[in-house]
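The structure under discussion is supplied below as structure tokens; questions concerning it will follow.
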Amino acid sequence: MNDARGWLLHLGLLAALVLAWFVLPAYHTGNLARILVLAVYAAGFNVVFGYTGLLSLGHALFFAAGLYGLGLSIQHVGLGVLPAFGVALGVSALIAAMTGYLALRTRGVAFMIVTLMFAQTGYLTVLYAGRWTRGDEGFVIARSARTLFGLDLADERIRYFAALVLFAIVFLSLAAIVSSGFGRALVAIRENEERARLLGYDVQRIKWLAVILSGTVSGAAGAAYALLFGYAGATFASVQYSILPLLWVLLGGAGTTIGPLIGTVFMFYLVDFASEITDAYLLLVGLALICLTLFLPRGIAGELRRRALPWLP
Amino acid sequence: MEFGPHLVLALLEGSITAAVLALTAAGLALVFGILRVVNVAHGEFFMLGAVLAWFVSTTLADTFGAGPAVGFVAALIIAPLATALVAILADRLVLRRIGYDPERTIVATIGLLYVLQQATLMSFGPEARPVEAPFNTRIALPWPERVNGEWVLGYPWGFGTTSYKLFVIGAAVVVLIGLWLLLRHTTLGLIMRATEQDRDMARAFGIPVTRVYALVFGLGAALAALGAVLVVPIQQAHYLMGGDPLLLSFIVVIIGGLGSVGGTVVAAVLIGLTDGVVSVFFSATLAKIIATLLVAMVLVFRPQGLFGRALSR
Amino acid sequence: MTAAGRPAATPVLETRGLSKSFGGVDAVIDVGISVPEHQVRALIGPNGAGKSTFTGLIVGRFEPTRGSVRFDGRDITALAAHERIRLGIAYTFQITSVFAELDVRENVALAVRRAVVGLNLGRRARPRQVRQRVDEVLERVGLQARAATLAGDLAYGHQRLLEIAMGLAQAPRLFIMDEPTQGLAADEIERFVALVRELSASTTILLIEHNMPVVMRCADRISVLETGRLLAEGTPDEIRANEAVQSAYLGREVAGDGPDIDPDIDPDASPDASPDAGPDAGPGGMP
């Protein structure tokens, strides 16, 4: 980031999150741990949707790749936490590279459908491989297996700070990447692909790299989710989990660094509030999507940037 | 039962799937062809048709003591109409306001999907409810057998169908022919095709494009609902029953070529029959995996499908 | 001596038998031109002559049906558009294409970054280096006062200027401009003509233009296309005097008497009339 205000904002936000552990009641810090991991997922999605302008409807594939990559490695192969995390990242990156290469041969609506189809294939494969994945029911990863350097990752405090560390790494790295030449190129492609191409940018390769980056970050979130919350199930590979990051990013502000977190926090509490009233909390999700695309297409941080804070990265 | 009759039975079942699928997919193809938008909530219009059919026939039976035949006929008329109204409302309130922008429409229709689905959950409940068929006589089918060295026609046990199932196939054919006649031989159809060819030109000729769009969107929904009314005596109404038809319609429309109703029908027959045969002999999940991957690959390598125009913009 | 020590005779741009058919329509047929370094070459011709398709073939927006394109002696026919740009070609679109939601400075910066760095993931352009070059370029075209304006908020003439600035930022060996003066006011056109003359000292320019006075003042040499073929080529004076060109293109506009006759639907033209048939056989006839 070139702007000091940007740095201040990012570091300040992280400091606030550290403080939150000591200030907020346990219920909320438990939520926050989950929110932070999901916000990493949203941030990964944001790279491809917010910055590059590609609407993927199949990111659950990458989240699930990370989730099961780590989950199955620990559960069935007996790997330790770090190697399993490595496997998860590797698998997500590889799947992103392969499906991205194919999907990027299409554009617009076709791209949306192709990504959706790839993710559906992933979901169905998880069901088909029920012998190991236990399908919809899923499996629990024992607490004893989820320790890192002697730290029990299921312990609330350790879990919170583990989630925060992951979030901080992704948050700051992505902030640096989007301000770099590569990040600016993504925006250029989003804004006017043909012009970017005719300025000499290798548009296909850049998009492909963006998908790999996005998929790997999403996979990291999936792996962290399995690791910190000890559960992997087919729902995380379903269409719903491809739609959710879209919702979070749209609400928070696509193409901003703080948007993903804002959107995830907001939506999490909205759903939390709604599930107390009715079983059909997804109704609120649906209404939120419709209202967002009608009235607030830029999202919260996006509108903020446009009206008041143009330096917002 | 031997392989021969088993196969024929599978083909028969597949034909029913194909018939209903052809109607549903034709609705989706119409909307894409003329409005150029992908309606992700299309499966929910299907579901609405089934649920409303249950509602109509049950109310008529409970309140007026009407028999299943009367209930069914009423449902056949009311359910598609009511669903069309819901669709037109969605078009006025949302789609028109966002100018049928392809990306925003996808997001908005995802929201619509959740709203319709969850609203149904809240009112109809999570159980599956049956609807009685208006008539349902069993029909045994003949099969050539060798008896004493001679070929005779026997009636293997279990090899048969019902009159209602044959009716479904016939009804679908009739409706599709009606649709074809509407598109090719009426003024309304001409107006629709003109709007599809060139929206601005149509407007210049005084065609009320927004009204045509609303009408087409309603017609697409009505076709899906009609398909559902036909199949609900065989299947049962359930608030989640829109998912499979949505996926299958997508597959059909893409392979047949978005925007080509004729191609859609051919593809529906192909896919319906294949689905019928494959799920009888193989695992349904594996069949779906292959189908899903097939759609993605068709889009990647042959974007215009079998007959239609390319999906990319 | 030109760059890379090539003998000065190698043209910067050369096409041989370049042709493009779209389905049944032959948009460009067998066009061969050769543009030496520092020349300002204008490409003119009536609407539908294939000028934009031709430049599209040169820059790589379309693949040719036949023929080849050579840049500084090297065959680039098989290269993708972005690879050709990287070799040193700049291109402005017929309908202005800039990054409307980004400010003027960032528009030019995008061009600078790629040209300076080549987007090698290992190398990075230092922000100060980029800033300096952006300022230089904006100063040269006169847009420095509007550096913070969103490109989409600029007046049309300034948007076209911005696009030229983006091309300049690449310090190209070949600068292709598709109808650069279209939509410009008279004073802006004046400035453009001066800019072109100034630029030709450091680069080679290929210009598609409809504005004849501009063509006559800027061009060192003119190539005329008609219905996809190269009709004539020469100095401005030669072209002005060429009767085939006049009847195919200039004559219709200059004569001004009688209805405007579309060369494609002229009822008097014999179906066999072709540009090569001689000056008197052209459609429409000459006063």
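Note that the chains are named A, B and C in the order they appear, and that numbering of residues resets to 1 at the start of each chain.
Criterion: a contact is a pair of C-beta atoms (placed from the backbone, for glycine too) under 8 Å apart; a residue touches a chain by one contact, two chains touch by 3 or more.
Just so it is clear, the model here is predicted, and its values are computed rather than measured.
Student: Taking each chain's centre as the mean of its C-alpha atoms, which one ends up farthest from the centre of subunit C?
Tutor: In terms of C-alpha centroids, the chain at the greatest distance from subunit C is B.
Student: Of all the chains, which has the CA centre nearest the overall CA centre?
Tutor: If we average C-alpha coordinates per chain, A lands closest to the whole-structure average.
Student: Measuring from the mean C-alpha position of subunit A to the mean C-alpha position of subunit B, what distance in angstrom results?
Tutor: 35
Student: Between subunit B and subunit C, what is the separation of their C-alpha centroids in Å?
Tutor: Here the centre of subunit C sits 52 Å away from the centre of subunit B.
Student: For subunit A and subunit C, let me know how many angstrom lie between their CA-based centres, rounded off.
Tutor: Here the centre of subunit C sits 45 Å away from the centre of subunit A.
Student: Would you mind writing out the residues of subunit A in touch with subunit C in their complex?
Tutor: Per the stated touch rule, the residues are 2, 180-182, 184-185, 187-188, 191-192, 194-203, 206.
Student: Residues of subunit C touching subunit A in their complex?
Tutor: 59, 61, 81-83, 85-86, 91, 93, 97-102, 106, 109-111, 113-115, 117-119, 121, 124-125, 127, 166, 170
Student: If you look only at subunit A, which of its residues touch subunit B in the complex?
Tutor: So the residues of subunit A touching subunit B come out as 55, 57, 102-103, 105-110, 112-114, 117-118, 120-121, 124-125, 127-128, 243, 246, 250, 278-283, 285-294, 297.
Student: Any idea which subunit B residues touch subunit A in the complex?
Tutor: 38, 94, 97-98, 102-104, 106-108, 110-119, 121-122, 247, 250, 254, 283, 285-286, 288-289, 292-293, 295-297, 299-301, 303, 310-313
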